[in-house]
Structures are given as C-alpha cells and as structure tokens.
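Structure, as structure tokens:
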C-alpha cells in the first residue's frame, strides 16, 4: 500500500497532498455546532476529529486513500444543520457524515440521511437518534438510558428506593426524565418528585425547596453546565442533606470550578475518559484512553472532555467501517452493524438492533472530593 | 390573473424573473435549500409586516404562530394520518384561531405593553409545546414527519412550491395595502382617533391584521415541518421572533416589498457568515454573532427607515436631480399660499 | 435705537431636499419689538428655529450681540441670553406648573442661587396670578391660554435679553390674545427685553411693534417700521383686511 | 327647519374637573352653529363627545332623533357625523389623496379578501373613491397637491385636507374644531366661503372657532360656553352685544382702542 | 408553612434581581423613551468583568468597582456613539438597534471570555442564614440591599434634585428641554450611564448566587423588561413591585403547580394583569389628549 503522508493543519490540504498521483481521497462530512449554545460540545468534537484525521492519514489512510473531512457549522440550529448536511452531500459530495453535536440538529440530519442513504454517525445524546434503529444511522455517546441504568444500579447497591429529579427542560434533560421514569420500576425505585429548570434560570431554589419537602433519599440532576452547578450550590444554601447525583452532561472540570467547595460529596455518572489516571490497567479501554488523552493534550494543550471522545470515536468507527467495506461507502451502513471497536467512550458493539453499541457498564460512578473526581469502586 | 399582476408592473416582473431563475443561476443545489428557508421566512415576515408596518403594532411573538402552524400539521399528519395537504390547511386555520383569541384579548394594549404581551404569548406557546409531551413529543420533539409530495419531493419542486406561496402572499398583501383596507390599516397606525372618526372599526381591523399574519405564519410553519421532517420547540422562541422582526424593520416596516427584501437580506447575511466562519477558523467566540449584531446596528444607524424606503427616496432624489425644473414647480406649488 | 442684538445673514434652510428659506437677512436692535409676518408656510417658524439653533439643515449666519451663534446648539444659545417660546407652547405637560418654571431657570442654577430664582419666580407669579393659583397643577391640564402664560413665564425666568415668540396667540380666545400682546409690551418696558414676534394677527402685532418684516415663501418681501408696513397696500389686502370690530 | 342634533344636559368630568357642565343646544338641518368661549371652556370636549371620541359623563346626545350613547365611535361616520381636529390628526406618511380616501371608508365595503385578491368589485370601488376624493381636493384647492406626502404640507393646507377628508364621507353634520387657527386673513376668508358653500349643499356645521371675523360672517347662531356651562345663545348680533359674553370672551371696545 | 415562606423568600430574591434590571430599563426609558434591550448585557458585563479582573489578581472590591465604572462607560458610549445617532428612528427600529447592540456585546463577550460559565465568590460567607426554618443565602441579603439602595438613590435623584427635574423634562418634551438649556443628549447619556451602573451592580451581586456567563443577560433582560412593563413603564417603584410579584409568582408556580410551566405561569399572570390594567400596575401618568 502506498503510504499517505500526514498533512498540515488543514485536513483538506493533507488529503490532497496524499492523493497526489494516487487515488481520490475519501470525503467525509462533519457537522458540528461551532457556534451557538452547543459550541462547548462542537468545538472539542471538531478538534478531536481534526487530530484524528492527521493520524489516520499518517498511518496510510483507508485502503490506500486518504481521508478528507469537510466541516460545517450548524450554529446549534436545526434548520442550519439540515442545510449543512444538504450542502455537504450536494456540493462537497461527501460519502458519509459525522454529527451533529446537539440532538435536534442530529435528528434533522438523520431524516435527510435516511432518505438519501448517507451513513451518519451522530455525537448527540438523545436516545431517539438510534431508537428505533434506522439503516445507516449510528451514534457514539452514552445515552440517557445508559446513565439511568448505571445510576439505578448504584442506588440499588446503596438501598435507596425513593428519588427526586431536577432536570433541565432542554432535550438533554427531558430525555433523562423519560428514561429515569421508564426504568424506575425495573430497579424498584419510586420517583417522589419530578422537577425541571430552564437552562438559563438564575435560580432553582424553589424546585429544591419542593424536593426538600419530600422524603426523597437522593436527588438526580440531569443537565449540562452550568445548571447542575447552580443546583448544587443552592442546595447547600438550603441545607440539603440527601446525596445529589449528576448526569454525565456536567462531567467535566468546569463543573468542579463552578461548584467550588459546595461540590464535595456530589456523585456523578460518567465515561471513563473523565478519570484517565484512575482506569484499571486491565481495562481494555485503558490504553486507548491514554493514547487519546496524551495526543489531545499534546495537540491542544488541554485535557479532552467527553465530547472530544465522542468525536474521536465517531471518526474511528467510520474509518473502521470504511476499512471493512473496502472503502465502499455505500456498504458502510451494513458493515457498521458488525463493527466492534474499543473506543475512548466505551467498547462499541454495533448490531442490527443496536446502533449505539454501548452498555451501562462502560460508565462509572465518581464522587467529587476536594475539587477532584474520585472513581467509586 | 391579469388583475392580480397588472398593477405591480416592473417590480413584480423583476421579482418573478429572479425568483424563477434563481435555482438555475446558482451554481449548486445547496442554494435551493437556502432559497427554501428564505422563502419560509419571507412568508412570515410579510405577514408580520401587515401587523407592524401597516397596523402599527409590535409583535414579538410571531414565531409562536409559526410553531403552532408547524406542530398542527406535524401532529395531524404523523399522529392522525392526515395528508400533508390537509395538514397545511389546518396549519393555516389553527394559528389564525389562536391569533384571533389572542388578538381579542389584548386588543386594548398599545405600544410596548402590546409588545410585552406578544412576547409573553410567544414564551407561553413555546413552553406549552415543550410541556405537552404526549402530543408534541416535548423538548425532544417529533421525527419522521411526512414530506410533501409536490411533483416529487425534490428540493427543486419544494423551492417552487414555497416561492409560489410567497408570491401569492406577496400579491395578496400588496393588493391589500393599496386598497381601502390597507389605507385603513395605515390610518390606524398614524392616528387611531382620526381613523375611528372616519368610520374605521379600529379593533376589528387590528384583529384582522393579527389573524391574517397569524395565518401566514402558520402556513409557513406547516411547510417548515414537512420540509424539515423533524420538529422540536427550539426554533419557535423569542430568538426567531426577533429575527422576523428584524427582517421587517431592516427592509422598511411600511413596505411589503421591504419585508420580502428583509428576509432575503437576513438569509444572505447568515449565508455570508457561514462563509466567514470558514475563513477564520479556530476562534473561540461566535464571530457570526458579532458580525450579525454589528450589521443590525449599522443598518439601523444609517437607514433607520429601512432599506426599501431609503432606496425609494434615493431614487426619487436622483429623479429630482435629473429634472430640476420639475422640482421647482413642485416647490412652488407647495409653498404658494 | 440701540445697536443690533440679533443679526441674521442670508439664511437658507431645508427640510430634506426642499429649501424653504431662500436667503433671509434680518436685524433686531436692542430694546425693539420686531414683528415677523407672513402667510401660512412662509417659513416664520423655520426662521425662528434656525436662529435659536433647533433647526440643523441651514446655511447662513446668525449673530447674537457680537458672537456668532450659527452652529451653537439650542441648549447653549439659551445660556447666552436668548429665549424662545416655540409654536404650540411646548410646556412640560406632566410636570407641575412650578416645576415648569424652575426648569426655565435651570441653566442659571449653580451660578444664581435658589433663593434668587425663587424671588424672580414670585415676580412671574405676580404678573400671571392664575399660575400662582395653579402652582401644583400639571401643565398639561391647563387651558390653552394658561399654558401660553406658563410658556412665557418660563421663558422670562431664563432672563433673556432677546425673546423669540412664535404665534403666542394661536388658538387663544380674543380676550386672552390681546392680554398676551399687552404683556409683551410690558415685559419690554419693565425689563428692557428685546422681542422678535411672529403673529398671524398682523393688525394687533403691528400695533405693538417698532418694526416688521413680511416673509413670503421663504424670502423677505417687505421690511420697515410698523407704520410703513401697516400702510403698504399689499399688506393691507393680504394680512390686515377688516377686523371683526368693524363688522 | 328640523333638528338634526340635539344635546341635552351634557356633562363631562375629567378626574375631579368638570370640563362640561349641563350643556344643551341643537343643530338644525343645514345651519352653521358656532360654539365659542374662552380657552378651556369645554368646546373641544363637547365636540369630542358629539363625535363619539369620548363618552359623556351625563346627559344625552340625539342625532336624527336616535340616542347615540350606545353607538360605537366608528359608527358615527356612517350615521353622518364627521369632523376635523384642533390638533391636526393627519396620516402623515400617506399621500394627500390617500388621506382623503380614508374618509370614504364608510362609503365602500370591499372585504379584506376581495381587496387582497383585487377582485373586480374592489377595483371598481377604488376608482370611484379616487374620483370622488380627487373632486373634493379640487374643491378645497389642493388638487395639484394630491400626490404629495401629507407630512410635508404646511399647517394651513393640512387643515384644508382634513376638511376634504371629512366631506367625502358626505356627512349631514360636519364638526370643525378651530379650522382657521394659524391662518391669515385671506386664507380665513376663503375658508369661510367654502363653509357657506357646504351649508348651501345641505350639510349642517358645528363650528368651534376663535376667529371672530369668521364666526360673525358665517354663523347662523352662536352658543357661548364659559367654564363648562352655556352662558349665552343667539344670533351673531345678539351675542356680540351680550355683556356676559363681552366680559368673559370678546373683551370691550375700549381695550381694543387703547391698543389699536 | 415554612415551605410557603421559603417559596416567598426565594421569590423575593429572584424578584430583587429582576427589579434591578427593570430599574435600569426605566431609567433609560424615562429620559429617552428608548427600550434598551441591551440592559441584560450590562448585567452580564458587570459579572464577567469582575470575574476577569479577579482572575488578574485584582482585589474583589476593586474589581467590582472597576467593573461598575467600565460598564457605566460602556453605557455612556453606547448612547454617545450609537443611540444619539438615530434620534429619528421609530421605537421599533430602536428596539432592533438595541437588540443589535446586545447581540454585538454578547458576541464580543463570547469572543473574549469564551462560552464557559464562571463562578464568583459571595461578598460575605456562603453559610446560609436560617430564620425560623427559612434558609436564605447571605448573598440574597446583598441583592435585596442593592435593590433598596438603588431604588432610594434613584428616587432621591428624580424627585429631590434639579437634575431629576431636568431628566424628567427631557422625557416629557425634549424640544422644549433644549430651549430651557438642557441637553437631552447629555441627560440621555447620564441615564445610560446610570443604568449601566445599576446593571453592573446587579451582575456583580447575583453572580455568586449561581454563575455568570456570556449569555446570562438574555433571560434576565426579558424578565426585567416584563417587570418594567408590568409596573407601568416609567415608574421605578412600580417596576420593583412588579418584579417582586413576578419573582414570587414564579417561585410559587414552580413550587405548587409545575416547575416546567413556571415561566409560562408568570407570563400568563402578566398578560392577565395587563388585560386588567392595560398600562401596567402603576400606569404611566397621563394627561390624556387634551383638546384634540
């Protein structure tokens, strides 16, 4: 195989350089939310993908062809996302698409890619993207289902049966609400309070007051920063005594910074990427995560977060699929259904029934201690 | 047909030519999607122009009618199996009903108070959509909304369908504006008391404007739902309402053409911003937000009356320069007592 | 006759592209009452607005005493001794009568003490007893004539050397219209205030004026002493006619 | 002559202020009735009540023998009462012609739908409106200005336009609030002639004015208000000699002479 | 009972936040009849600048002071270089203009500080105070104190000083004000300065309670606007009262009806109140149309 050489900063450029005299590069589209409210997700996703493209092309690309990723920004907006995927397909002639960061945009793109038979791997949380399963549509992040099951498992171990929840009213939070309600009976759990808050609300103390008045033994909070941090701080002001368990939406160092002292004792469900140093050496993910974290730190000088991991896994999965399909993108959808891959988010085992491929066991429970996440064994 | 088109002469001819040729002039298919989205916005902004520019009422909740229209058709087609055509008809009627009820209720409010009430209405609708989970799918929304089968469901046919509707809405509004009804609207805008004593039932007229604009927004919403195939409550909030408002104001509130051109302008600006974001990668902030804000500020600063009236007055000035003698005459006519 | 307190040289003014003043020259001497006559839309209001700095789109020159004030904005012109009672009174309708008057003196405030101004205000109240009676009423609820008195009183409190009055009797009952003009005369004789007066009621205006200008579609058609103007046949037919007393 | 408008015991309070106090008078068919009085006497308030802009606090207004208390403001024009305003209420961003065409609102009936679709009926109506509005503009002498933006017209012309706007509705009673304010002698005389013509054509006029020249020339009868109450009613000659009116409103000849 | 009191206490705190924003709206509206939808951005800037300064090791108090000064200056500049320029624009265009400005400021803020949220330490300790079972954060006391102080100062300025009369005059009749030697432009600048300062103070006192980020101004701006309208535009005291009503309605709505619907409930109450009093609880003083 002719070795494709790694290019410069622009993946597009690197692709063309490699292709000189040899075959056409494989064009993959990527729609991430680079601006707007979802940009804290989209930016690391894009960075991870950019990093990985170089690496893949450095290692010879796919089937002797280099990989070229064309990026679009959906501005965290559904309509823009749909426009973006159309642009990628019609103008750039990409063969498959990654993205988007948010659930709404991803669902919009999925409609199009389903109709046009363009394989899609999404980085958004909503269970709806891959449930029900649709041909050619996959996703990488842990879903609210995994998080819910993992938390319930933990609660069962601790003998907690009554919980309250306080979730963001955005799609992420309401997805959690649905799943928490759905799986509660299975784990013998009663939900005694089901509250919501607005993403930008300055105060959630009334919801907390209400929860305080119930006999809940634990509070589950699902949202992305900064809501959960505010909740934890306000709970402290209200002398809350029950444990607070947060979703993976706020599993990052920003959360620690925002809560400060008030964070001590907060529990959280997360991917292993959150605590790369604490992963068991025997864990098959250990090596993958270490490689990713080191590479990312070297490239961008920051710790990667879960979102970076989703993007990284997404491209890896797509490339894996393309390799197995012999570079033929039209078979990508079918092939991916058989792919097994150890990613930084978890061990993916795709099948015809499961286009997410993860289980709750790839998630861990952590506790905040003195401004750090501590894995709970 | 002639009666529909005859009056608007040159402007309409140029419009029709551009509109029909656009998909063929533009280098690739992607621009059809751009055109579709702009067309959807134009339908709403023309309706909004009837309320704001003509009847002189601020509506900060137009996206709510858009959303009601979208969800009406989406729910009826996906949950009750109606055909998209029937869904679309419902998506014109239901928002109009909402507009009627809201309009009845807040008929006594004026100026900023009215603006506030419509803003509040917008919030209530958006929250209502998110909270009515069994029907609307809540915050996560709905998927697999059927496409409209209009000469196949290609992007091109959708483009012509939507711009056909834009054209109808435009002609209807233009005709309306230059009729007794339109004059009554504009009269209300300037002086309600005078309009009343000329025999204009101000409340009824404001309500009519509201209902028609709600209906336009609803139709556009229905089309949007079928075009996108998915819905969630996110696009139907204040942000979008303000975008509609901006289109109307930038184009020139008192001009129907202004509303159309405002929608085009905002559409092109955001396309331009997409290109911009490709040119300057790796910035942490929202460059497009900055540029968009700056453009708004500059437009209002340098042409507070809006684009179309500004162009019109520039044109008139140029005409006046060409024929100074005529101006003299006019001036004399004006000043002589 | 004293020296000129106000001079206007070849004043041109526009609204948008339309020029409505086509080069006006005008002079007011210290201590005079000068009338500015002219039919509807002749540009009287515009000219006053140009003089006091309210109207921006203009060419020409304005001197107050020996200083050029052409480009001085209205709010600063007041501080140099010119007060303007604009068309349709323009009082502060939601403020009390008393506050309206205070505002008239506001630009002299730190320099002149509050007590001093209160004293002056007392003399204004003396002149217009009805205002004293209505001190605490909101300006907007006064009747037209009372509002006119308030507007003049307010202008007086800014201690002007030159007072511009734009149709002070517009919409006033005949009795009050006469009273207002009498007051103008009194002000001049008591305080030596110079007055430039715009009036539709040419007969009454000329009766109290020393000199007058007649404006026609933005140009000065005629100027001279009140007597001269009164006897000009053109003015007689167009502006004086016969008054109701003669009916 | 039959009575067209009858006002009985009409009163109006604003907060604690009684602006109009138990006033009654009649306007007969085809006459010009002048309403005069000092500033703040309540003339405009009476006019506002008679035109349905504000409701009376007490008393009754009958037009054509019908009580008007339950009639909404916009119905007045249809019944035959139109007006002009003391503080001009013009539609500045419309042309002069369009301003006047608004006056014909009640004379036309094309619906929103037929206007939007520009159906034949709507267009025919439009043509009739233009013709009639144009004719009235000619009559008030604004024919050449019909395409101008109303906002750029001088005050006096706008007054004429308001009159045309009120007249195209073919009212039976025309209410005028200080139509001559700010006009000079010649202009006032011209306007007087026009009012007389209007009266000749059968429209009655209720006229509020401070210009005594005009009042004395054209009014058939005069009602005088002071501080909200009626203090006199009669022919111009009677009113001119009424000592109460002279004291409250006109002023004495001596005052006149001392300044004349 | 304690629960009810706790809800009321929570509502008072949110209400206090809305009140400060609303007062900013009204200060500007009163002088220039402009509804400044960038008011929320003043608040955001107050918090963010303080955080940024503290990040540069400036002592807390000094950082807060500097933030207030900077935002005041931004307010003044906004009037001087933008608003003053468009005197003739219609109210709706002005709304769009201020929306443009707020978008611009927000964009710039995201550019400078990124999109992350930041925490700010409370002014005093973060131990809650307990009053008969009702817990109140110490910071909440600061918020309420700030509201009261700002209200008192504004009342004093507007009702008791010549400057207040001048400001009032500009709002009633700017043309006549100029003829009195008062510059509406200067008064307007002053108003923008004042509302910049109050906005900044609001941003500083509320940041410790939750967090601050480049986009917190949007929602708080809307809430403040609602309070300003409900109170009857032009009346700071009315706005404060309305703000507390909204805060308490929200809190009770969240507690007793549905937390997902709490904003909808508050807005419904707002519409309902406007239907009863179409120009707000303490409607603008109006003299009517006088003689038409």
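To keep things simple, chains are lettered A, B, C, D and E as they appear, and every chain counts its residues starting from 1.
We take it that a contact is a pair of C-beta atoms (placed from the backbone, for glycine too) under 8 Å apart; a residue touches a chain by one contact, two chains touch by 3 or more.
Here the structure is a predicted model, which means the values were calculated and not measured.
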Farthest chain (mean CA position) relative to chain B: C
Distance-maximising chain from chain D - centres being C-alpha averages: A
For chain A paired with chain E, centre-to-centre distance based on mean C-alpha positions, whole Å: 38
Mean-CA-position distance for chain C and chain B (Å): 49
Chain centre separation in whole Å, for chain E relative to chain B (CA means): 31
Chain centre separation (chain B, chain D; CA means) in Å: 40
Touching two or more other chains - residues of chain D: 14, 53, 85-86, 89, 152, 154, 156, 186-187
Interface hub residues of chain B, defined as touching at least two other chains: 130, 193, 284, 286-289, 334-335, 337
Residue list for chain E, restricted to those that touch at least two other chains: 115, 260, 263, 288-292
Chain D contact footprint on chain B (complex, rising order): 3-4, 7, 172-173, 175-176, 179-184, 186-187, 189-191, 193-202, 208, 212, 254, 333-335, 337
Complex contact set, residues of chain C against chain E: 52, 54, 73-76, 78-79, 83-84, 86, 90-95, 99, 102-104, 106-107, 109, 138, 140-141, 144, 154-155, 158
Residues of chain D touching chain C in the complex: 14, 17, 36-41, 86, 152, 154-157, 178, 181-187, 189, 210, 212-213, 215-217, 248-251, 253, 255-256, 259-260
List of chain A residues in touch with chain B within their complex: 34-36, 39, 43, 72-73, 75, 77-79, 82-83, 86-87, 90-91, 103-104, 107-108, 110-112, 115, 126, 128, 169-171, 173-175, 178
Residue ranges of chain C touching chain D (in the complex, touch as defined): 15-16, 18, 39-41, 141-146, 167, 170-178, 181-182, 200, 202, 204, 207-208, 237-245, 247
